[in-house]
Amino acid sequence: MSANVGTKRAGGIGGLLDRPGFLASLFVSPAMLYMLLLLGVPFVGAIAFSMTDLNIGMLFNTMPSFVGLENFASLIDDPDFRQALRNTFVFAIGSQAVAIILGNILAQVLMAEFRFKPLFRVLVLLPWATPIALGVLGWKWMYDSIYSIINYNLRFLGLLTDGNWPIWLGNPDLAPIAIILVHAWKSFPFVGVIIVAANTSIPRNVIDAAKVDGAGFFRQLFKINLPIVLPIVTVGLVFGTVFAFTDMSVIWLLTRGGPMNVTHVLATLAFQNGILSGDIGRGSAISVFLVPILGVLVVMALRGIRREA
Amino acid sequence: MAHVRIEGVTKDFGEVKALRRVDLEIKDAEFLVLLGPSGCGKSTLMRIIVGLETATTGDVFIDDQRVNDLPPRDRNIAMVFQDYALYPHLKVYDNMAFPLRTKKVPKDQISKKIQEVARMFEIEALLDRKPRQLSGGQQQRVALARAVVRDPVIFLMDEPLSNLDAKLRAAARDELKRFQRDVGVTTVFVTHDQVEALGMGDRIAVMDVGSVCQIGTPEQVYSHPVNTFVATFLGTPPMNLVHCPEHILGFRPEHFQPKALFESGDDLADFQFRIHRVEYLGNERIVYGGLEGTFENMSGGELVMGSLPDSVAHARTLEDGKRYEFGVRREDLRFFDNDTEQAIESPSGGV
Amino acid sequence: MRRFEAFLKRTGLYTVVVALALFAAFPFYWMLMTTFKGNKDLYNPDVNPYAFNPSPDHPSPTMEHVDYLFNNTLFAQWLLNTFIIGVCVVIITLLLAVPAGYALSRLVGRGSDTMSIGIFLTYLVPPSLLFIPLSAVVSRLGLSDTYWALVVVYPTFTVPFCTWLMMGFFRSIPKGIEEAALVDGQTRLGAFTKVVLPLSISGMLTVIVFAFTLSMQEYVYALTFVSSIALKPMTLGVSTDLIRGDIFFWGSLMAGALIASVPVAIIYNMFLDRFLLGITGGAIKG
């Protein structure tokens, strides 16, 4: 038997496909190109637009002019914008705080044993498992100014005096609370589930070793559970917080930013200005304010991940 | 049938030098074993031969043709992986057909060839099964069959027996070696198990930290190791090493016997040996102890070991704690340089 | 004393269980009730809302809202739109994410950690930042007021996670099998299509489910890019077109919201464990 070894050289199409580097680039480029064009470019675009006087009428016929930081200056002077900026923080932090508390309680419950647990699991995950816009519609109906079932229940339980009928979404003092509640409702199941998943990922023998070493409940909690659980939970929390800071759907559907622009956040204000009113420059400037916030969150997230590595 | 020539091959993975200058020739139809501890580079060398890695410097020739740039599929080499790497989603028949279909062999020829090879390995009954339905031994035979079905000119095997349990392993060794002898294909066999190497190889290339220390027949490598590494890597228990002032003295446990067992005419080196412990292993006894007298404290803190077959009656009389006179035939002594640890001929001083 | 403590603990636990379940699920219960209550009953503040209170000319419970939803609105059309969008998005996602996931898992040695972080970071750039410039892109492409705009834009949030999912999945396929294919005569491309892909069906299924459900739920881009009623996906249609002026057709609204939510909820429940594995597994491995 002769060797019969191939005489082809590694070149040409066949050879190219063999070179690992080439195939890798071929495989990755569509996705990278796509993300660059539809995420990267618009991201830079938003920042660019924010410094122009572009509006929808001008699009593709006239060149917008560069106005520097004029948009930003005018926004800072605008009380509605300042309110929106405040709200963005208040709503996000408020709802995440509530979600963390409820999520923790949920996690404890999920790690216990009780009857009908599978049913409970399905029910308690519904806020997370259903499309956000549709769940919010349910809340909107629950908050209705005349037919609110919440008010009915409160009155039924004797917590509301006669003549006291809170108009949740129409009252500038109550609307923020209503919104925070819905955000928390949407977020807490995920927080709870993440905490449980993180806890169950602690290797059994680590816990056993701690027990043998005589660690009490609190010591174990702080020295062992927390350090292992924290990075995973942090990642989950960062996602939840990003959602809370940038969400438009909940507020838009509940109040459109009203009453009287009192419940706007950056996202809804940007939508109103940039899309509905067509003032692209101003709208972009509003959303650009989100960038530093997201930057901080990104850093926190990375720290959370790095601590794992 | 092909012969392989490896000239001046090195392989770096970034900072790590996996292979430092390997020169090796593998003869036609030879069964060559690459033997060494993990990390010695034997698998890397094999992967360079098959084409899954490329050498950093140096050349690989198959039948005098330089193959450095050829991808694996053009080299007509078959490889059996350590974990068999059978395609889990394909039946055994399709596993074996895969390389043939890739080469666009006509259907009826494929069928004929598979039946032929399946008969050779006695796996006809398994052709319809999927890999996960097979036992370890069966998977191994399928992996071999898949390699054979291509009529390759070279077989590469990466520790193919290490996943089998001990009982199967001995039988598999025998089958494999006889098969190779019948078919006559050049085979390169990688293992860390020196018993396997001694038992199967026509020649053994002993490797350590990226280079080949010694190539030779099993007898050559075992009886005349070129340095202390080879000397202690081959043989269980390993060769005893005694650090004398002028040289390192080596002798194998099976040559280290009570003086009483030698014939009167033998030319012996004498040792005073105090036994710490006798270990009964069924077919042999291992005596662990320390040298006293001239060689006291020269074994570098290592135990000196002797191995006596159980069939020797005298072996049963040896007791813990007692001191005995042991000896080694002078022709069985080996000497190594104190600094380089390389083998040297006869000692400068006397023993 | 210990028994009493245990009893207290038990009661406490069940109280919390019920409270949490109520908080989470009550809105859906209320949506369900509303769907089947006749208008006269629904808009009557004087009756017990938890019961069905039929009146002589107005039955309750009733199917009238569901009927209205399917016969007098474009609900069925919206469902179809959502489905078409979903299928297209899934196809695009598969085409982009599967090869990218493979390349990143196999052929890039180090730097794959950087990639993972990069992928994770894309999720921190939200629609509410991108929708303004994207609407310019959409106009430019002539896709304004079509749902193809959504098909083009939705993969921005499905592709990164799906790439990462497939990365993890491909990593679990032993390299030896691919190498065996190479030695058996395949090119790298051949090894990928003939050996790796068939073994990744399970991963691709997860990608399909995830991409489809994500695109089913999206609201902001839909609101931004689609205005013609007939072209709206269901989340948008239900929330904007069951209103006449100031009047909300709550019965049909709730019916639509519920019907549109149920499939997503079911799928999420089935796949919860898998998603979790993907998220925590990735986080643990870094």
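General observations
We call the chains A, B and C, going by the order they appear; numbering starts again at 1 in every chain.
Convention: a residue touches a chain if its C-beta (ideal position, glycine included) is under 8 Å from a C-beta of that chain, and two chains touch if they have at least 3 such contacts.
Please read all numbers here as calculations on a predicted model, not as lab measurements.
The greatest centre-to-centre distance from subunit A, using averaged C-alpha positions, is reached by B. Chains A-C form the pair joined by the most contacting C-beta pairs.
With each centre defined as the average position of its C-alpha atoms, the distance from subunit A to subunit C rounds to 15 Å. We define each chain's centre as the mean of its Cα atoms; on that basis subunit A and subunit B are separated by 59 Å.
Chain geometry summary: the mean Cα position of subunit B and that of subunit C are 57 Å apart. Looking at subunit B, residues 71, 73 sit in touch with two or more other chains. The multi-chain contact residues of subunit C, meaning those touching 2 or more other chains, are 187.
Under the contact definition stated at the top, the residues of subunit A that touch 2 or more other chains are 18. On the side of subunit C, the complex with subunit B involves touching residues 174, 176-177, 179-187, 190, 194-195, 198-199.
Residues 13-14, 16-17, 20-21, 23-25, 27-28, 30-31, 34, 42-43, 45, 49, 95-97, 99-100, 102-104, 106-108, 113, 117, 120-137, 139-140, 152-153, 155-156, 159-160, 163, 187-189, 192, 216-217, 219-220, 223-224, 235-236, 238-239, 248, 250, 253-254, 257-258, 260-261, 264-265, 268-269, 272, 276, 279-280, 283-284, 286 of subunit C touch subunit A in their complex. Residues 14, 17-18, 20-21, 23-28, 30-32, 34-35, 38-39, 41-43, 45-46, 49, 59-60, 102, 105-106, 109, 112, 114, 120, 122-135, 137-139, 141-142, 144, 146-147, 149, 152, 185, 188-189, 193-194, 197-198, 201, 231-232, 235-236, 238-239, 242, 245-249, 252-253, 266-267, 270-271, 274-275, 280, 283-284, 287-288, 290-291, 294, 297-298, 301-302, 305, 308-309 of subunit A are the ones touching subunit C in the complex. Residues of subunit B touching subunit C in their complex: 50-52, 71-73, 77-79, 81-83, 85-89, 98-99, 102-103, 146, 150.
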